[in-house]
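Below you'll find the structure, written out as structure tokens, and then a few comments.
First chain written, first letter: the chains are A, B and C, and each begins at residue 1.
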């Protein structure tokens, strides 16, 4: 017996992993299938494919149609390409390194912004029939889309977050997949998975991608946990549709991201215990009738874009949109902290009062013990410097309280309960059709 | 110096891992002990044993009595055996694969349902004396019990969840153990650990086992985090007895499971931030005087069994039992969402009102801001199809609200506080001996 | 193409890893830099350095100044050195093993308590210029400081938690670092990291260190998640200063530790969903103007030192100090459970009432639904036995309730809201300048 189910892309005889790792991995998968055909009615245990640290160009899409395949590298390799592309090119010679690293796949499929996400995927997983494809694992390597391209959304092509490239795309119903410890950078779509059951996306670094995680189609009983995530200005950091029993927890989601977490038609799921930071409203969306979800113990911070290359860019939503926005019923929003830190002169529409939580449609949502902090900051110099960003994050004193609507209930939503989530001045709702227990006021 | 502490089961000269991996691993452990005897009063650093992807029959129980042993595979290999066993056998030829995979251990010890869990364990860990055995690690392989056997509990032997097999059994006091990224399937007991200190069970896939995780004896300062778990109809998904300082968080626990989380005599522990789904009452049990625990920010869903092979099977508890049931004092139950989705004509006892949280004995429990949603659904066609299951999970609209007792306090429990966890109509307690602040009612 | 970026410390030709792993790793890093110089404007993907299980003395500090370096072992190797050092030496011959194990680094730099933490670091990471050093990963090995030394703080030198040794020290601004699955033991400082961005410290075992985790300088968007942590009596289990957007969650923090979590000037961060246990007050500190943080769904237990070698040792704070202590504004403290288990005759100052949450300065903090349990225990025999410790953790019955101040607001703090966090008898604040909604009283 030999290590016949262990492969290394750098020693496999077919292809040259440095030139086209896609060809190599496809050849390895073909070998696994050929060999495991022999044990017809017995086991087909799959294989592990190792990717040592190094740069590997991918010119051919990898197609996975076998269960129990693990692809593992030895380094998630993230570094900020966005910062580097916004450094003048004549300063590049002074940089220690220019590119992400680790076990790094350079996605060299033809860029085609807005293209079919599947066609532009580095890893394309598809298998119909029964059973659903199971236990495919991606671990600890880097998928780098290299460049964004012009699409009119930003004057600098490298700032568009568009290139039609996807890191991992799963087309068919699947079970017990794992994406752990990976790095994703400069892809229009990081991870797109249709019809997932018991999926785990855990402890990854997914940043500077148009959209980071998309759970599409439908699915159940999955988890997105303990990731560092930050999408571009057009996309979602985390998106799910028609899922039940999804657990989104312990993630640190940073800007930009048109939404931090966006649910569409998602039910009986949890967004708990995350740290969420955005430069725009619409951070947490329970949309399209999303119902019976729990949004609890999250920290939400919405402040202003600090970085020069993205000044004037946003997700198009005004400050009355709400940081948390709910179109659905029977949801629980309990024990969250929301900080709204804005220059009051830039609030949109002009003169409006920012809204923290907005219920647009549905009924019987339960809001309790949410603490909204709103502060009016004078406009500050934007700066790309990391230390200045941190300064902005820390500058909590010597600022004025700002008026805020902590909860706004639209007429199409009723029978909600709003408990200790704002004073009578801060909650705007038809009290004839909603129940309200105001936060006790300080009478000083 | 060579890699003398690294072993591979497929290249070790004694035994044949494919035929009996147990014999091979025991031989490796003997070698580690023999070699590390030489450094008498110095270090005994242990070893790592690798299991490449493949099928490995285990005919001999592995016995571990050394610290610092890591056994690691390259694939957790879960696929649903339960679905496959419930597919007509003449359709098996059309299946892509029949068995779990990855680095897969086929537990081929004699099946003996209800037998001593230790005798039927694939991995048996035991060492008395001092210090306690420490830092044994299990990582990223699959333990497959292969078959269940007839025991009278279900007409189909493969649906009984009984075979007397255990994945990992730890008999003696232990410290700093780790079980990470493993897969467990078709075992009567997944993980049974006695007397654990600072144990970590993290990021595993433990499903289709009679009972998944059992912490027995006593223990402290351990964590069960970020797992996908689902036990059979007779067993516990997570069970702990006489533990202090246990942290159960970020788990996605799916049906069946007689209980999702069952504590017996457990104190000062946390069940927070989990997603729990069950087909029966008795989902979270703080029993046998469990006190000073925190149950917070969890999402609980109890609905009806949808799958034909298990219709009519349950854990024997009626709907007045409570989804959360507490026999103990000074516990905190804060900020949970509970969905009770039932066909009112099937509620047991007939005509009863389902109970969400029930305090049976003890005192001074603190219940606050729990949101109970109860809906009456017409009986729906059961279906084994994954998409239909998801449909059921998502079907939250067009249903009628159902009467529910959000909190029931039995006479043997008193001095509890019930805050914003139901209206006066929904909370049943002797208000002379408990404190009550009702959720504000909607007066429409 | 070969596996040129994969190194093994036991096969590298320069140096002898068993005698000085520091020399070996430095030589490997020099090789990576030499080879990756060739691809000047291209990629510098870094490397992985493997440390098989074994004992490796470190006589030379490792200096890391390249990105994308992963150092990985095969075993975190923790065992309690503290228990062993407190066993009489003539009983050592009966012990199964004396030292930690796994992939174990024996830090043999000159001990110098109170010395510059950087000089005594086993791994010293430093690089100025741009970009910030990125994606250095430490995984699954053990860093053992071997001995503590006399410093006057404890009669037994091995109980001082002082030796001037640090496990990992990062001196310069860094991005996307990872410390996963490591073991740290008997170091004065486990991990000290300056100026971190998007750092992840996940699933480690960091115990019996003076201080475990220190995030110094400033930083943002990092996470400390799912660790088992316990510092010595002088130090912090988790410390952060001038950080924004830090997520501290799912950690099980055990004694001793002068603080469990100490924030200084930290803003918009989360301490949620942790299990915290301490023998002293001052468990969670939001100090030096820490503002807009969320402390939610945590379980805090403060009880008395049970172990003979540390009786009479503490952090010097009296019981009026508060388990949670806040000098800052706009923080949220929601849904925590606090157990205060003391012998009332030992409360300090004599005759005082212990304080659970104390606001010393700042304004507009929001405290809601915190449940404080206070019990007066008769003094019990201390015992080093593990089973006895567990007994103490479990002994929740047959004890008397003890008077407690659940919330104390000092005059320098005002405009706070205190909701359902204590009765009128238990909350001490100037109600003219704070808002108060008492927990409903039980009138029995």
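Methods note: contacts are C-beta pairs under 8 Å (C-beta built on N, C-alpha and C of every residue); 3 or more make two chains touch, one makes a residue touch a chain.
All figures in this text were calculated on a predicted structure; none of them were measured in a lab.
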item: Reaching chain C from chain A through chains that touch each other, fewest steps; value: 1
item: Type of chain A:chain B copy interface by residue overlap (half), same or different; value: different
item: Cα-centroid distance, chain A relative to chain B, in whole angstrom; value: 29
item: Multi-partner residues of chain B (each touching 2 or more other chains); value: 226, 250, 273, 296-297, 334-335, 369
item: Footprint of chain B on chain C - complex, ascending; value: 8, 10-11, 16-18, 52-55, 74-80, 83-84, 87, 92, 94-104, 181, 183, 203, 205, 207, 226, 228, 250, 252, 254, 273-275, 277, 296-299, 301, 334-337, 339, 369, 371, 373, 386-387, 389-391, 393-397, 401, 420, 439-444
item: Partner chain C, residues of chain B touching it in the complex; value: 1-6, 41-48, 66-70, 72, 127, 129-135, 137, 173, 175-176, 178, 180, 195, 197-198, 200, 202, 218-223, 225-226, 242-247, 249-250, 265-270, 272-273, 289, 291-294, 296-297, 328-330, 332, 334-335, 364, 366, 368-369, 414-417, 419, 432-437
